[in-house]
Amino acid sequence: MRLLDRFALPAYFWLFVAYLFLPLAIMAAVGFRDSNFVAFPIQAWTTRWYQTVIFERDVMSSIWVSVKVALGATVMSLVIGIPMAFFVARLRGFWRAVMIAIIVLPAFLPVVVAAISMRMFIGVLGLQTGIPAVIFGHAVSTVPFVVVMILTRFGSMSPNLADAARDLGADEFIVAYRVTLPYLMPAIFGGAVFSMLLSFEDFVRSFFLGGFEPTFPVLLFAKLRFGFDPGLAAISTMVLIVSVLVGLYAERFIRRRKLNSSSDIPALDNT
Amino acid sequence: MTAPLQPAIEVRNVVKSFGSMRAIDDVSLSVAPGVFLTLLGPSGCGKSTLLRTIAGFITSDSGSVLIGGRDVTSLPPNARPVNMVFQDYALFPHMTVRENVGFGCEMQGLSRQAREKRVDDLLNLVQLPQLGHRRPDELSGGQRQRIALARALAPDPVSLLLDEPLGALDLKLRLEMQRELKSLQRKTGKTFVFVTHDQEEAMSMSDLIAVMRDGHIEQLDRPEVIYSRPVSLYVGSFVGAANLLEATVDGVDGEQMRVVSRAFQAVLPRSSVTTPGDVTPGMAVTLLVRPEHLQASTPAAGGLSLAGRVSERTYLGNRVHVRFETEDGRSLLADARAEDVAEVGEVFKAALRPESVAVLRS
Amino acid sequence: MTRLLILARRFGPYRAFADMLSTHPRLRYALVAVVPLLWIVVADIAPLVRMVLISFYERFPLPPGETPSFTLAQYQAFVDRPLYLSAFVRTFVFGGLATLLTLVVIFPIAYYISKVVPRDKRLRLLLLAIAPFWISEVIRSFAWILMLANKGAINSFLIWTGLIGRPIELLYNNISLTIGVLYLTSLYMLLPLYAALEKIDDRLIEAASDLGASRFAILRRIIMPLSREGIITGCVLVFLLVTGLYALPQLLGGPSNTLFASIIGQVFSRAGDSWPLGSAFSVILIGTSLVIVAIFMALFQSRRSRA
């Protein structure tokens, strides 16, 4: 029995970790292969792919599109998600359950269905396929995460906090700016980073809602169907590293803030 | 204090309903400046609702609230010259102690210098000048409590409203804070309106106590009066331990009256009736007897004597709590001197002076 | 900024407005609710309603002047064409199997992190196990292509060791599809399972083993029932994810194991007016998923109440 705990389970766990990371490591290695096509074993190594791929116009412009979309979707999901969380936080019982169910619905729909229903709907809003449509589609899918994260934080907030500020002379705008928003900041920040990453890695929505400017996953998907070269491995590796670092940083940030019950949020205003 | 006759807080005929429940049922109240008033009652009696109505968090259905003689009924909380200390303190977790204490002055638009000065003064007043740069979560419960007081006092309010602020502290700290709160009130000369469900807390600090029940004030008076001359069974049994003895008025004669029951009879002064209205022969009454008035001794003439077998004896050092069962099946509690008392199973005889009995019409 | 807001209060109309907000919580709430309610209607409900409507149209967009006529033709097409139906059935069978596989593979991982590893190291291992999930599905598929291709890492390695003479077909079949899907789903299983297992009081397990329960009995009688919520959540999440997969099956799967979501996508990107057909298929996909999930949860719920 102790054998299981001491050896079998750890071995299994590390095997699983290998399963997770080995393909990524291989991909990173392929980027160093000194040849135009991908095959093993790698005989000669070069850093040339990592250097040249960042000058490839279509790749770089797709990354730029992805960044724009991610930023747009993030801003939009905050603009919608924060009031949405305020709205739901006050609801109780039946209506709360109904609202939360509707709000998280987009996160549970099959992605294809979510994407094409959006594709058929954007016309009603006067949108064409293109970057604005992609941003809208992404925001629809990220708002639920923002709302749920902020709601969780809301749950730990004493209602007296806002009342205390009102009592001491603050009007509603000052209450929001000085008390409520700073208190929610870890969740807002977490929701923002999460939205950004989700948007950046999304393929299906970008594919169906995008116009002539593909996002990076869409471009990569198209290229992969026509064969691949080490340059793709190189750029994918770089994107991967940035994504993971941002994800881990955000995770750490949120956890530290939550542990300290948000005690070291930089003050918004010291005057 | 230019107008000493002006009440600090005045509540006129305030009514507030939540759905079909009347949380405040036509309450009027006037608090003179510098008074420590406690709203006392069990949870759900409307005391917190009343306090929050004064603060402005709750808009009453009808009636008005005046603070310092000014009608503030329609003003939002941020425009009312009262400040609140919350049960959970509600210190802003993302601000330092100094920023917390200075928040009210900041809202008043005070200059930075004036604000810093005020914060220093208040931190000195609550004896925590060294903690200014800590965050609330780095403070102990008692320290948070004091910072919450300092924060509420900083904008120099007409009155301080305290919503069960000692509830979260342990007993020892609570007693300490009670003393400190009282001395703080004396030092600042502010009107305090204090809400609690703890009658001992109310007794030890207040100048006046308003005992609340189902949305109205049952009795408003000095603590000693509330304790010794309660106007109702509700007040009498809520404030302190009480032995309740049902009896019937047998006869009324001038300033005296006779009450009888199966176990005793006694002649009591008519002034011991504390409920409004007069008593007539044949009326059912309840005698309220405090345990400390039941002393072991031989009966005095005209007074009341009770005897029974001791069933429980709790030794408290200088005092002994004795529970004894009378022949007609009552269980009574006496707070007696240690040397006077019989052991469990023995007979305990107690007597009390007629003046210490409160007679309530049932 | 605060100073500005305070100064603004000297401006009468602003102050009146701010005070009105302060004294009227309902008005405040109504103002806050406007944007969320609009969004819920426009972004969450309307697109689905429109899709359901379109699924009953004969064609869409309508030619000018034609009034829409409602028809069940699209749903009829689904039943009539074996190509669609078989992909549909395959999707749900595959979804069920993949969910089960994920549960079996991930449960020991979740158990190890939450119950065997000391508390202070748990988070680090958990982060290690979920780190790859910040990466796009497409990039992860690409990484697996490089592993599984005929000239990929695994075949090259096996040939190098002399275990095989020529490459085995690993890519574009059920093997590659399964490996890739598991790679996507493990996070959705791991997090709920971990959360549920973490909550189980270790003393319960100690108490059970103190009373002489075998390892297997502890697993079956203590751990499984107490982590049931996590298992349900994980399975539902994974099942919904797998039945809606689009990009990964196209990159890693073969032509013989096309999944239903891909069919929907193809119907959609095809030239011509196939919106109604795609909509009908989407409605069928959502409806079936929901029914299966509902049945699954009902089964579990009833079993729990009996226990």
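So that you can tell them apart, the chains are marked A, B and C in the order they are listed, and the count of residues begins at 1 in each.
The criterion applied here is as follows: a residue touches a chain if its C-beta (ideal position, glycine included) is under 8 Å from a C-beta of that chain, and two chains touch if they have at least 3 such contacts.
The chain lineup, named per UniProt: A, C = ABC transporter permease; B = ABC transporter ATP-binding protein.
Fair warning: this is a prediction, and the values are worked out from it, not measured in the lab.
> Taking each chain's centre as the mean of its CA atoms, which one is farthest from the centre of subunit A?
Checked the centroid distances; the maximum from subunit A is B.
> Please tell me whether A-C or B-C has the greater number of C-beta pairs in contact.
A-C
> Suppose each chain is reduced to the average of its Cα coordinates; what separation in Å results between subunit B and subunit C?
Here the centre of subunit C sits 58 Å away from the centre of subunit B.
> Give, as an integer number of Å, the spacing between the C-alpha centres of subunit C and subunit A.
15
> Quick one: which residues in subunit C touch 2 or more of the other chains?
2, 6, 19, 22, in rising order.
> Which residues of subunit B are in contact with two or more other chains?
Residue numbers touching two or more other chains: 56, 76-79, 107.
> By residue number and range, which residues of subunit A touch two or more other chains?
166, 171, 174, 178, 271, in rising order.
> Inside the complex, what are the residues of subunit A that reach subunit B?
Within the complex, subunit A touches subunit B at residues 158, 160-161, 163-171, 174, 178-179, 182-183, 185, 260-265, 267, 271.
> Provide the residue numbers of subunit A that touch subunit C in the complex, in ascending order.
Listed in rising order, the residues are 1, 4-5, 9-10, 12-13, 16-17, 19-24, 26-27, 30, 38-41, 79-80, 83-84, 86-88, 90, 99, 102-103, 105-106, 108-113, 116-121, 124-125, 136, 139-140, 143, 166, 171-174, 177-178, 197, 200-204, 207-208, 216-217, 220-221, 224-225, 228, 232-233, 236, 239-240, 243-244, 246-248, 251, 255, 268-269, 271.
> Okay, in this complex, where on subunit C does subunit B touch?
Within the complex, subunit C contacts subunit B at residues 2, 6-7, 19, 22-23.
> Which residues of subunit B touch subunit C once you look at their complex with the stated criterion?
56, 59, 74-79, 106-107, 109
> Please give the residue numbers of subunit C that touch subunit A in the complex, ascending.
Going through subunit C, the ones touching subunit A are 1-3, 5-6, 9, 15, 18-19, 21-22, 28-29, 32-33, 35-37, 39-40, 42-48, 50-51, 54, 60, 105, 108-109, 111-113, 116, 123, 125, 127-129, 131-147, 149, 151-153, 155-157, 160, 183, 186, 215, 240, 243-247, 250-251, 261, 264-265, 268-269, 275, 278-279, 282, 285-286, 289.
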